[in-house]
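Written below as C-alpha cells is the structure these notes are about.
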Amino acid sequence: MSHNTFGHLFRVTTFGESHGPALGCVIDGCPPLIPLDVADIQAELDRRRPGTSRFTTQRREPDEVKILSGVFTDERTGRQVTTGTPIALLIENVDQRSKDYSEIKESYRPGHADYTYDVKYGIRDYRGGGRSSARETAARVAAGAVARKIVPGITIRGALVQMGPHPINRERWDWDEVLLNPFFCPDSEAAAFYADYLDGLRKDGSSIGAVLEIVADGVPPGLGAPVYGKLDADLAAALMSINAVKGVEIGDGFAAATLRGEENADEMRPGNEGAPTFLSNHAGGVLGGISSGQPVICRFAVKPTSSILTPRASVTRKGAEAEVSTKGRHDPCVGIRAVPVGEAMVACVLADHFLRHRAQVGDGVAWPFS
Amino acid sequence: MSHNTFGHLFRVTTFGESHGPALGCVIDGCPPLIPLDVADIQAELDRRRPGTSRFTTQRREPDEVKILSGVFTDERTGRQVTTGTPIALLIENVDQRSKDYSEIKESYRPGHADYTYDVKYGIRDYRGGGRSSARETAARVAAGAVARKIVPGITIRGALVQMGPHPINRERWDWDEVLLNPFFCPDSEAAAFYADYLDGLRKDGSSIGAVLEIVADGVPPGLGAPVYGKLDADLAAALMSINAVKGVEIGDGFAAATLRGEENADEMRPGNEGAPTFLSNHAGGVLGGISSGQPVICRFAVKPTSSILTPRASVTRKGAEAEVSTKGRHDPCVGIRAVPVGEAMVACVLADHFLRHRAQVGDGVAWPFS
Amino acid sequence: MSHNTFGHLFRVTTFGESHGPALGCVIDGCPPLIPLDVADIQAELDRRRPGTSRFTTQRREPDEVKILSGVFTDERTGRQVTTGTPIALLIENVDQRSKDYSEIKESYRPGHADYTYDVKYGIRDYRGGGRSSARETAARVAAGAVARKIVPGITIRGALVQMGPHPINRERWDWDEVLLNPFFCPDSEAAAFYADYLDGLRKDGSSIGAVLEIVADGVPPGLGAPVYGKLDADLAAALMSINAVKGVEIGDGFAAATLRGEENADEMRPGNEGAPTFLSNHAGGVLGGISSGQPVICRFAVKPTSSILTPRASVTRKGAEAEVSTKGRHDPCVGIRAVPVGEAMVACVLADHFLRHRAQVGDGVAWPFS
Amino acid sequence: MSHNTFGHLFRVTTFGESHGPALGCVIDGCPPLIPLDVADIQAELDRRRPGTSRFTTQRREPDEVKILSGVFTDERTGRQVTTGTPIALLIENVDQRSKDYSEIKESYRPGHADYTYDVKYGIRDYRGGGRSSARETAARVAAGAVARKIVPGITIRGALVQMGPHPINRERWDWDEVLLNPFFCPDSEAAAFYADYLDGLRKDGSSIGAVLEIVADGVPPGLGAPVYGKLDADLAAALMSINAVKGVEIGDGFAAATLRGEENADEMRPGNEGAPTFLSNHAGGVLGGISSGQPVICRFAVKPTSSILTPRASVTRKGAEAEVSTKGRHDPCVGIRAVPVGEAMVACVLADHFLRHRAQVGDGVAWPFS
C-alpha cells in the first residue's frame, strides 16, 4: 500500500487531519452505472459516528459527507449513478473544540505515534493526533460504502467478539443483536456484561482492547491470486492498517497452528452445478490466496486506547522526563467503533479483487469441465 | 501487492512452478555499490533447503542460485557489487521426480489451492502444486538475502516458538540454539520434545501447524507511514502471503486485546542523544505504523501441511466424490522451513521502507529539536 | 499512470468535473518541512486562470484554492510548512453558468471525448465536458506549485513557440517577454502577430493549434533510470496526458531523425569539479533516460480547440445524423493556457524522480572517481 | 513506469545486461488459456535479430528464447496455453565477443548513457553499454509476442517512414513491402534509395536517425481513461522508453498544431450497429485519451546511432579530455530494428488497457442507447 492510498483498481486515497478543516477521500477506478446517493454513504458513517452512546468519545461530529465528483443522473432510471470518474467525498470537521494542547505538543504520549511522527518527519500536527487520529477512519467507512456496491450479491458484516479477556459465547451468535447494542456484539449476554465492564474501566481512567470479526458472505470463488496478490494478504494489510490493530487472522488463524492436518482439512462433497460443498471452513474462505466461495472470515485485535487518565512515564520533545495523562474525550475501547471500519476495509479489498479478477479472466467464472 | 510482485522501491517479482524448468526472481530498485556474491545468497537458500533433516521433505533440490544480471566488479575494491540495475536470480529445478499425478490431476486435495486455482483460471499445472508450491519461497529467500544488505546495522532472525499446541518456554530463549536443531527452535528442551512429537505425527501420516517469530534488531526509527503505508501493514501482507499462513501479529498481537491501557503503554525515559528509551515493547517496535527504534517483532501462524496420508473426502474436477490422500515427500510441519522465509519477507519489507523513507525525508533522520 | 493518479513517490490524484461543485487534488509523498502557503499555489493558478485576456475563454472562475490538509505551522520559523501527510487542495466551481446542454447531451462533438466516453462508460456528465474538461488542469497547476519546491535550485519555465504554422524566431527569445503578452510568447514580434492572427480566427468561428516548450534549468544529473523508468518516458506521458496534446519531443525531438551521428553527439569537455561541460544540448538534458545536468527541454503539440462555431458532421447518441457547432465560451487556441499546465507537469515529474533517485542512491550524488 | 517494469495489469519486468550471461523478462497478469508456444515468440525475435542484413550490427546473436514458467498443456486441446501465472522468458547471450573495452571504460561516449550512468550509480557495466544496450529490447519484443494475443482481433504493424531527412512517399504505402526489404519500409522506391544512402553513411563512419510508424487495427473502442490513464499517454511513455527515441506523436502529432479546428475535427456519420463511422482520423484513433475504434496510429523519432567511427570530443571518468570513436559492430541506423520493438511496446500497452478496461466495465462494451 502507498502512503495514503490502497487498492490496485478500486483505489482509495484519503486525506485530512483530526483538527484541520476537513477530511475525505478520492475513490478511483469505480465501475460506472452503480447507483450511489449521499444517503448510502451517510448511513455507514452514522454507524461509526462518535457520541452515539456513553461508551464512545463525546466529540460531537455530525460527519456529514458531500459527494464532490464522480456521480451523475442516469436519465434512463432517474437515479444518481457513478460515472467511472473519481468519486471525491468530503467531511468537514466541526467539533474542533478549542483545547489546551500544550502537554501533547511537548510530550510524547506512550502508545501513540507522537514520537515516531516527530522522529520521521521532524514536525507534526499534534492537535488531536493529527493525521494519525482515528478520525481518518471516517474516510475509510465512506469509501467502504461505495465498495459494498461493487461485488454482486455480497454481504459484509462485522461484530465484536471479545472485549479484554472476555470472549462472546459463539453459540449465542445472532446477527440481529449486533444492531441492538452499542458494542456491535452478536451475543446479548456478553453485551450486557461489557456495559458494566466498560463503566468500571472508565471510572478507573483506563481502557481495554478488543477482538473484532468480519464475515463476508456471497464472495464469488476465484478472487485473489496465488502468490503476493493473495486475497488474504491484502485483507491482512488492510486490517492491520487500521489504527491500533496488532493482529490479523483468516479463518482459524492462530488456532490453525494447533491443528493436525486431518483436522484442518476442509473436506468437500459434490454440491450444486459441479461446485463442491465444503464440510467445514477452517480456511476462512481462502485457499492458496484465492476465495473458495465459502464465507470469508477475518478477525483482528485492537489494542486498548492509549489515551488514558492514568499517568504514564514519558519524555518531552527536548528529551526531558515527563508524566503524561490524557483528559480528553476518548473511547475507552476503540475496538468498538473499529467494527464498521473493518467492514469497510474488507469491502474495499473485495471490490478491488473483484475488478482484478475480472481484468484477468473476464466476467465469467473460468471452470474447466462443467 | 501485485500478483507476483511485492515492494514499492525494493521490488521483488518471482516466477516459476514446482515442476517447471526453473524458478527465480527479479529484484528491482536495489541501491548500487552493495557487495553481493552468489555465496551470500546461497547461504540463505541452504537454510531453507529441503532434505537437510528427517523432519523435512526428502525432495533433493540443491537450490543452486545463479546471478544473471545486476552485478559488476567494483574496480576500487575488486569486489562484486550491485549496479542499481535489476538483479535476476535463477534456480533450476533438478529433482522433478517422475511421478503419477493422475490422482491430484483429477481430484482436489482438501486444504490445497487445487480447487480455487481451477475455478479461477480454468487450468492449472497440477504437478507438485505448480505455482502454489512452497518451492516458490526459495525465490523469496534469495531476494531476502539481498534485502538484508540494504539497511545498515540491521539483524533479522527468526525462530519457531510453537509447534501444535506446544509453545516454547521463552525463559530458555537462546538465539544460538536456533542454529543447532532442525526446528529453528531457540529452546533446546522444546526442540528435543518436538523431535519426538513430529516422529509420532509422521508415523500417524498426519501433520501439524506452528507459530514462528521474526525479530529485527537495529531498525532505525522513522520507517513506515501513518495510514496505509504502515510498516506493520506491509509486514502483515508480506507474512500472510507465505503459503499456509493464517495469522499475523505485531508485538503483543492478539494478547494486546486483553490488556488495559496502562499495561499496554510502552513507557519512555530519556535515553541517548535525546532519543527516548522505552521501558517495554508491547508495540513490537511499531507505533502508528512507524518504527520506533525498538526491535520489530512479528509472529505468524502456519497451518498444518495439507498433504497427509490420512484420506480425506473430496470431489473430482468433474464433480464426483473422491477420497484423497497424499503419499509424496512432504514436510510434516511446513512451519519449520517457513522460518527463513519469514526472515526474508521481513528483510524485504524493511529494505523497501528504508528506501521509501529516504525518498521522502533524505538520508538524515528528521529530528525536531535535538 | 493510473486513471486519475500520476507519480510514484510524489503522487498526484485529481478529481472533479467541469460543472460539479468542486475540483481538486491530493498530493501524497511530499517531503516534510517545505514552506507552503496558499499564496504560492494561487500565484500559479492565476497564470492559468481563464478570462484574463480576450484570447481565452470568458468563463469567470476565480479558481481560489484552499489547502485542506498536510500543512502546519513550524514553530521554529513561524512559517506554514508541509508535514509529510497528504496535501488536499480544493477549488470550488463558481461560474457554472446555466446553459442549454441539450445539443451536447444528444450529439457527439467531433474532436471531443463525447463519443469515446459514452462507449466506454455508458454514461457521461456532458455539462462542459465533465471530467474531460480542461478545467481539470487547474488541479495539475496547483500540484505543480507544490512540486516546484521539491528539487533544490530548479527553475521551470514554459513558452509558446508556435501558433498554427507560425513559429517564433528563436533568436528573439526573451524569457521576460513571456510575462508581458497574453500568449506566454518569448518573441515580442511573434506575440504581436499572434494577436491579430487569433482575432481573425475568432471572427471565423475557428480555432488553431500550438506548440509549447518547457525548459527546466538546474536539474541535477542522475534523475531517471535506464529502461522503463526513463525521465523522458515519464515526461512524455505527463505531457501527453494534458488535454488536446498530440505530440511530445525531448531535445531535438523529431529533428533528431534527420541528423547524422556526429551532428547529434553532444560533445563534452572537462568542466567544474570533474563534471563534464557539454558543448551542445541536442539531447535535451536526458541521456539514456537519465538527466545529464543540462537543461531539460521538452516540447508538446496541442491540437486546435475542438469547440468551434463552424458546424461539423456528427451523429447522435442514438445513431442519427447531426450537425454540431459550439457557441460556448472557449479558448480559440487552448495551447496558450497549456503553458502553465505543461510547466506543472514537468515540475511534478522532476519532483517525483528527485525522490526516486534519493531513495535508491541517497542524498549525495554517486560519483565514481571524484 | 517503474525502473524496469511497465504496465498495470499486463506487467512486463525485464532484466539483463548486454554482456551478462542472459537477459529476459517476466510477464505478470497474462490471462489464462491463451495458446502460447516458443515459436510464437521466436518469430517476433527473429524480426528484431541482429545480423540479418548488411544494414544492421554484425553481432551474431541467435536470440533463442526459452519459456521458464507460466504455460501448461491444455488437455482439452493438446495445445500449450498460458496458466495465468508469471511467464518468464530467457534469452542467453552468446556472442559476447571478447573485446578491448578499455576506451569505453575510461571515457564517456557522447550521445550514450555512459556519463549519466556513472553520475547516477557510481558504477556501470561498461561492456557493450550494459543495461542501456539495445539488446534489452529483445526482452520487449518477446513480451510483445505474448501481448499480441490478448486483444481479440487486433493487428499491430510497424514501418519505417523516414530515414534522415528522407520520408517515404505515403501514396506508395504497401504493407506487404515491409516484409520484403531490410528496412521495414512500406515504399519500395524509398527502400531502394535507403540502401544506397545507408551504404554511403557507413562508408563515412557515420549514422542517421529515422521515424517509425506503428498502426494498430482492430482496437476496440473504450480503451484508455480520461485523465492520467490516457491510452495515448501510456503509448507515449512506452515508445519514449525505447533507446534513442526523442519524440512521439499520436495521429497528426505535431502537424495538428498547424491545423484549424474545422480541419482537425474527425467528422462522424452513422455507421454499423449505431457506432459512428469517422470520415477522417486526425486523432490517430484516440479521443480524450480513449480509443475510438479507429486505427491507433503512433510515430516516433529515433536519433542516429551514437556509436560512430568519427571521433568526438569527450572526457574521461577522471575528468580529463578525450577523443572517442567506436569501432564496434553497430547499426548505422538503429531506427530500423526499432520497428518490431515499437510494435511490441504498442502491443503491450494495448493489452494492458484491454485488461484495465475489462476490470472497470466488464466484458461487454458499455453502450448507452443501443
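For clarity, chains are labelled A, B, C and D in written order, and residue numbers in each chain start from 1.
The rule is short, and it goes like this: a contact is a pair of C-beta atoms (placed from the backbone, for glycine too) under 8 Å apart; a residue touches a chain by one contact, two chains touch by 3 or more.
All values reported here derive from a predicted model rather than from experimental measurement.
Shared contact partners of chain A and chain D, listed by label: B, C.
The chain with its Cα centroid farthest from the Cα centroid of chain A is D. Centre to centre, using the average C-alpha position, chain B and chain D are separated by 38 Å.
With centres set at the average Cα position, the gap from chain A to chain B is 26 Å. In chain C, the residues that touch at least two other chains are 2-5, 8, 14, 29, 32-33, 84-85, 120-123, 131, 226, 361, 366.
If touching chains are joined by edges, the resulting network of the protein chains shown connects every chain directly with every other.
Those residues of chain C lying in contact with chain A across their complex are 2-5, 11, 13-17, 20-24, 26, 28-29, 32-33, 66, 68-70, 72, 74, 81, 83-88, 90, 120-125, 130-131.
Residues of chain A touching chain D in their complex: 8-9, 29-33, 84-85, 226, 355-356, 358-364, 366. Interface of chain B with chain A (complex): residues 1-6, 8, 14, 108, 110-113, 115-123, 131-132, 136, 162, 164-165, 201, 206-211, 221-222, 224-230, 232-241, 243, 246-270, 274-276, 279, 282-284, 287-293, 301-308, 310, 312-315, 317-321, 335, 357, 361, 365-370.
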